[in-house]
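Have a look at this one.
Labels for the chains are A, B, C and D, by order of writing; each one numbers its residues from 1.
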Amino acid sequence: MANDAEPVESEARVRSSFAKQGLMATLGATLETVSPGVVEIAIRPRPAISQQHGFVHAGAVTAIADSAAGYAALSLMPPGTGVLSTEFKINLLAPASGDRIVARGRVVKAGRTLTVAQSEVFAEVAGQEKLIALLTATLMTIAARGGISD
Amino acid sequence: MANDAEPVESEARVRSSFAKQGLMATLGATLETVSPGVVEIAIRPRPAISQQHGFVHAGAVTAIADSAAGYAALSLMPPGTGVLSTEFKINLLAPASGDRIVARGRVVKAGRTLTVAQSEVFAEVAGQEKLIALLTATLMTIAARGGISD
Amino acid sequence: MANDAEPVESEARVRSSFAKQGLMATLGATLETVSPGVVEIAIRPRPAISQQHGFVHAGAVTAIADSAAGYAALSLMPPGTGVLSTEFKINLLAPASGDRIVARGRVVKAGRTLTVAQSEVFAEVAGQEKLIALLTATLMTIAARGGISD
Amino acid sequence: MANDAEPVESEARVRSSFAKQGLMATLGATLETVSPGVVEIAIRPRPAISQQHGFVHAGAVTAIADSAAGYAALSLMPPGTGVLSTEFKINLLAPASGDRIVARGRVVKAGRTLTVAQSEVFAEVAGQEKLIALLTATLMTIAARGGISD
């Protein structure tokens, strides 16, 4: 049953690629939901990822938002291909603090060469979500070769 | 001689703020040149900051590019104020690898409330620089209060 | 009943400002829905607003998307203030053609100084909407003075 | 002498494509310098391209900045190909007014599939240039087919 199996394959591919991102481990990021076209990545605020005022650094927020958008895109790409961010833009709406920071990436438009995806980033405070950043990215499908895959 | 002293003050302020950014230490980033309107930050490629293909993760490239742009802006702001990134956009032009990755931030337009700055990011390979990314950021001047300064 | 009256005031302000935008008349743009935080502007494809392949020029698509985002922001700003675009980013997802092009702006985060808004741009073809562009903008609230209002 | 002839061909191609952009004529835009990797387009402020405060509308500024970036990219693309904007971002640094508004596009990185270009937009006032906007664009090389060329 190929159709049923595909989302599982796709999820396995995203999880395997995420595990290879050294930066995600360094930031303490965890891969949460992975479904076709939607991927969530979370971090917990701590001094090791802070900026000068004690909030989570925009670079760390951007890193999980970029990875969530990229993996949302990858989850819809054909087997044997990989994904590359070509550009992204982020608006930082509020300081990143709270119990947990979650980036939720989803595909806006999947194309053969280029995919556009957005990540909304939420701060969780006492069980409430607050939108703190919005990222829009262009991802490129690349042929897997010489180790450049997934 | 106040005018002569200002760049020194400005540099001290940038260096002191940089030292408080936990993420920069975690990434192994070093603050290089600091002069009025121009700031350089560097990292060395290593597995702890990698993406899935072994290159430096776009999130790490962005983190130093954002900080370089922000500190270039801060270097021109009045004493007693702080800087906040409100948004940025980065184009990733080539994979980030080599001996060293250097983000060179410079102010494009300094305003009272908003400053626009750009960071060019270069990969150094065998003494040659190659442009690998270009970031444009909008930074906001904030009044220092409640520990939110620099 | 001041609260009931406000949306009407807000709509009147947006319509009055739109009427002063010479470019909107030149492009043949029409102001459609105006409600608090949401504004729609439409154009009809024609040679006078085309690019070299006969599609609507990205500049015309961007103009209505920027105005829709700006007016969505203005619709939530206090009386006596005006709105200024400080930056925006647009992803062009598909060629702009069809019966009508509609930009739907909505506020993502309203702030005292800065507001972030998004416009989705749709092409209408035979009664069906297709997403063709996505714009994210930062708008600044400005004090009305010397004719710089709304 | 093919090499000598190429820039001329390239310029002819850009000028021919520009002449097909209905929007440029509608805005009163003129194509100025065209050289390999650098293209200038100008407009003169007038009510027909204004926003609500009498300045040139951001949409008109963006239209010439996008076209200048796109044609700078096209000027370096192989014969028989066309150019498409996939995304751009603009920072508006100062109100657009003066004697003339000039967008100067130049290629930052030319690639086989994607090219990144920037346009600086200047307002000319009494013979002085002032930087008023900065646009960064990603352009795609497309195969010429079915009338989609240049």
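As a convention for this text, a contact is a pair of C-beta atoms (placed from the backbone, for glycine too) under 8 Å apart; a residue touches a chain by one contact, two chains touch by 3 or more.
Here the structure is a predicted model, which is why all the values come from computation and not from measurement.
Each chain's centre was taken as the mean of its CA atoms, and the one lying most distant from subunit D is A. For the pair subunit A and subunit D, the distance between mean C-alpha positions equals 33 Å.
Work out the mean CA point of subunit C and of subunit D, and you get 23 Å between them. In subunit D, the residues that reach two or more other chains under the touch definition are 86-87, 89, 91, 116, 138.
Taken as a contact graph, with one node per protein chain and an edge wherever two chains touch, the assembly is complete, since every chain touches every other chain. Residues 17-18, 20-27, 46-54, 57-60, 62-64, 66-67, 82, 84-92, 147-150 of subunit A are the ones touching subunit B in the complex. Across the complex, subunit D meets subunit B through its residues 89, 91, 93-94, 108-109, 116, 118, 131, 134, 136, 138. Here subunit A touches subunit D in the complex through residues 86-87, 89, 113-114, 116, 138, 140, going by the rule given at the top.
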